[in-house]
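Listed below are the structures to be examined.
You will see subunit A twice below: alongside subunit B first, and alongside subunit C after that.
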Partner chain A sequence: MDFSPIFENYPLFLEGLVNTTKLVVSALAIGLLIAVPLAILRTSRNPLVNGPVWAFTYFFRGTPLLVQIFMIYYGLGQLQFVIELSQDWTFLRDAYWYALLAFTLNTAAYTTEIIRGAIEGTPYGEVEAARACGMSKSQTYRRVILPSAFRRALPAYSNEVIFMLHGSVLASVITIVDLLGAARIINSRYLAPYEAFLSVAAIYLCFTFLIVGGFKLLENRWFAHLRPREQTTGKKQTQPA
Partner chain B sequence: MDELFERLPFILDGAVITVAVSLVSAVVALVLGLLTATAKLSRSRLARAVATVYTTVIRGVPDLVLMLLIFFGGQLLVNHIAYEWFGYEDYIDVNAFIAGTLTIGFIFGAYMGETFRGAILSVPVGLLEAGYAYGMSKRQVFFRILIPQMMRHALPGIGNNWLVLMKTTALVAIIGLNEMVFRAGQSGGATREPFVYYLVVAVIFLIFTTVSILGLRLAEKHYSAGVRRA
Partner chain C sequence: MKKFISAVFVAAIALGAAQADAKDWKKVRIGVEGAYPPFSSVTSDGKLVGFDIDMANALCDQMKVECELVTQDWDGIIPALQARKYDAIIASMSITEERKKKVDFTNKYYQTPAKFVRKKGSGIEITKDGLKGKTVGVQRATIHDNFVTEVYGDAVEVKRYGTQDEAYLDIAAGRVDLLLADSVALEDGFLKTDSGKDYEFVGPDFTDPKYFGDGAGIAIRKGEDELAEMFNAAIDAIRANGVYKSIQDKYFNFNVYGS
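Moving on, here comes the complex of A and B:
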């Protein structure tokens, strides 16, 4: 194996790294922003409110991300008004925005269900206590339900972040040069599949470990009150099995 | 609209291929998963290490990267071996169906392995000991007691993996297997209405998902026979 094509073309991989990071981070951030209100609507008992949100999450969680990307990139890009719009706004011709839209909607759907589950897992006593303190509905959400729901959602959300990182490779299918896109260019130029794909596989693996480690740190912080109290009591307690 | 109905059988034929890819890779994944779980729970340190590396690496790398690696790399490797060892000079094309199912099976074997490991651990040892006490061989205990007993715990995990696996099969369109996503692309290109064809495929996927969920519910009921709900 000869890895010199990889090192010679490191700017290409750097570009890919930047694109992957930009896509993943912005899709996750926007997706989370959309998901919180949707999750609250999803817990509503009114079927007219929770139905549309259910349909949205069911569609985006039940179909492959690849099909969603194709629908948005080829489908939306073909609509007459989008074509007319892209006369003025040339950025609409860039595949990047279509990928971002697809990723955002996809991660919003998954995150909505994660947060919904966490909201529904709120112990009723907490809500009751907030009511008893005279908090309004929005105050209850802001001060009591959402903070504790986020905490409970964290482990599932870390999986979603990894899923999004892994899903982002599909951007390379619609001509975006992300990390995998760079590897595909190198492979077609040098016929070096092992070198190209193994090196990006290693990079993705590192990213995954970074995310896992980062969430561990977050969990340590947010779940500090749930940790066994060995350190504070001074003497070591034996945990009952 | 007429065109859509004319092309629908073409897409549906592709849907059959999608189902075939899903089923074959699920079988590969189940077998690999069982092997991995047994390796992870075995006394041999080597087996445990191999299984751990396998599940960690596979679950840390995007599936498309692995698929392209196996498809393009495997192609090179097969031709290299054929030429160097057997003196075969013609070019061998690696079948996209085989490359796709093997890759997907290989990836989901890692996920299934984790599922099975947890499920096996939740089977009370006493049940297995009872089997040995009756004079059953290791094999018999494995197939008659361990598998039916752990299925109840493994089914939710298997179900989730199956749902994800089915959606992952869309990726084989990228390596050129003419399943339904690939065919939707062709039809969409020919008719200049890609949105409609991808929407049709999305709906077919939704139907598959829904049917699977219903089927899994039945299976869970079957394997939970005799268990009281709290």
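Moving on, here comes the complex of A and C:
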């Protein structure tokens, strides 16, 4: 094996790293912003409110991400008005925005269901207590339900973040040079599949490691009240694993 | 007893080796792409058709061997040959120095130039200045990809697709300004179709062997000279007996073999 093509072409991998990071971070951020209100709507008992959100999450969780990307990229590209619009708005010609749209909707659907589950798991006593204190509905959500729901949703959400990172390789099928896209270019130019794909596998591994570590820190912080109490003997305690 | 078992092993290994040595190619598996009209495509009912496909069948008839066609995406077409998923590639693969490092080639079985395609009325010219800031669509890992990346790489943005068909979709959607590909593939696969009617050829025929190689050949794993010889003899034979010409006339109205 000869890894020199990888090192010689490191700017390409850097470009891929930047594109992957940009795509994943923005899709997750926008997706989460959409998911919180949707999750609240989804817990509504009124079918007119709950139904459309259910349909949205059902569709995006029920179809493969690759199919969604093809539908959004090649499907929208067939529509006459999109073709005309993209004459003036050149950003519509850029595959990046189509991938971002597909990823955002996909992660929003999964996150909505994760948060809905967490909201529905709120112990009813907490809600009753909030009511008894005279909190309005929105205050109850803001001060009681959502903070505890986020806590409960955290482990499941960390999985969603990792899935999104790994799903982002699909951007490379619609011409985006993400990490896998860079590897495919190197593979095709040097006919070196092992070197190219092993290198990106290592980068994804590091990425996942960072994400897992980040969530671990967050969990330690958010679940601090659930840990056994630290003894106050003066000496510094090591953290329980 | 132990001796007997090891003797059996030795015999079995020797037998296996002898068989591998004397392989007389009763059956040849051939890798094709299936997404590159008019050379290789899949019809709506799932049948493989095209010049490459007819060529593969004619060569197998000539060599008196049984053929099995295996479709494989372009990206992985050489690794799959090396992984012994098939024994030869007949997929309009240009004979280039870069590829010769990994596989052996037969003599060419056709040779056509590469050309750019633009939208009618766009007025794009094929010069460094004319191409500045334009987007060019190519199929990833092709001679066209290498050429445009090396020669015009700092002037244009190169968009790379897995198949030629996807590039046709994107130029029709207005997402790329130009395509660079084999002129025959472009003409029959795109310009003559309904979605290609607003597009036209522009610029010269590109044939520089440095980038475009010596025509399309059949790729074989390194060292299997016997199979390469069989293919070469078969190519000569069907060129001589008129089979080549009848296949050519089915698809093209010019000499596709080149000079």
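One rule holds for everything that comes next: the second predicted complex is superposed on the first by the 229 of 241 C-alpha atoms of A that agree within 3 Å, B and C clash if a C-alpha of one lies under 4 Å from a C-alpha of the other, contacts with A are read in each partner's own complex, and residues count from 1 in each chain.
Assume a residue touches a chain if its C-beta (ideal position, glycine included) is under 8 Å from a C-beta of that chain, and two chains touch if they have at least 3 such contacts.
Computed from a predicted model, the values in this text were never measured in an experiment.
Trainee: Should subunit B and subunit C be called a clash or a fit once both complexes are overlaid on subunit A?
Mentor: Pair status: clash.
Trainee: Of the partners subunit B and subunit C, which touch A:W222 in the superposed model: first, second, both, neither?
Mentor: It touches nothing on subunit B or subunit C.
Trainee: Just checking: does A:V173 make contact with subunit B only, subunit C only, both, or neither of them? Give me first, second, both or neither.
Mentor: After superposition on chain A, A:V173 lies in contact with both partners, subunit B and subunit C.
Trainee: When the two structures are overlaid on chain A, which partner does A:L65 contact: first (subunit B), second (subunit C), both, or neither?
Mentor: first
Trainee: Could you look at A:Y96 and tell me whether it touches subunit B, subunit C, both or neither (first, second, both, neither)?
Mentor: neither
Trainee: Classify the contacts of A:F56 with the two partner chains as first (subunit B alone), second (subunit C alone), both, or neither.
Mentor: neither
Trainee: Does the superposition put A:N187 against subunit B (first), subunit C (second), both, or neither?
Mentor: Both partners, subunit B and subunit C.
Trainee: With both structures superposed, pick whichever of subunit B and subunit C touches the larger number of subunit A residues.
Mentor: If we count touched residues of subunit A for both partners, the winner is B.
Trainee: Name the contact category of A:Q78: first (subunit B only), second (subunit C only), both, or neither.
Mentor: Both partners, subunit B and subunit C.
Trainee: Running through the overlay: 5-13, 77-85, 113-121 or 167-175 are the candidate stretches of subunit C; which one clashes with subunit B?
Mentor: 77-85
Trainee: Name the residues of subunit A shared by its contacts with subunit B and its contacts with subunit C.
Mentor: 74, 78, 173, 184, 187, 191, 193
Trainee: Can you name the residues of subunit A that touch subunit B in the complex?
Mentor: Those residues of subunit A that touch subunit B are 58-59, 62-68, 70-71, 74-76, 78-79, 165-170, 172-173, 180, 183-184, 187, 191, 193-194, 197-198, 200-201, 204-205, 208-209.
Trainee: Can you list the residues on subunit C that touch subunit A in the complex?
Mentor: It is residues 75-76, 78-79, 98-99, 101-102, 135, 140-141, 145-146, 159-162, 166, 169-170, 172-176 of subunit C that touch subunit A.
Trainee: State the interface residues of subunit B toward subunit A in the complex, per the touch definition above.
Mentor: Those residues of subunit B that touch subunit A are 57, 59-66, 68-69, 72-73, 75-76, 167-171, 173-174, 181, 184-185, 188, 192-195, 198-199, 201-202, 205-206, 209-210.
Trainee: Where on subunit A does subunit C make contact in their complex?
Mentor: 74, 77-78, 82-83, 86-87, 93-95, 173, 175, 184-185, 187-189, 191, 193
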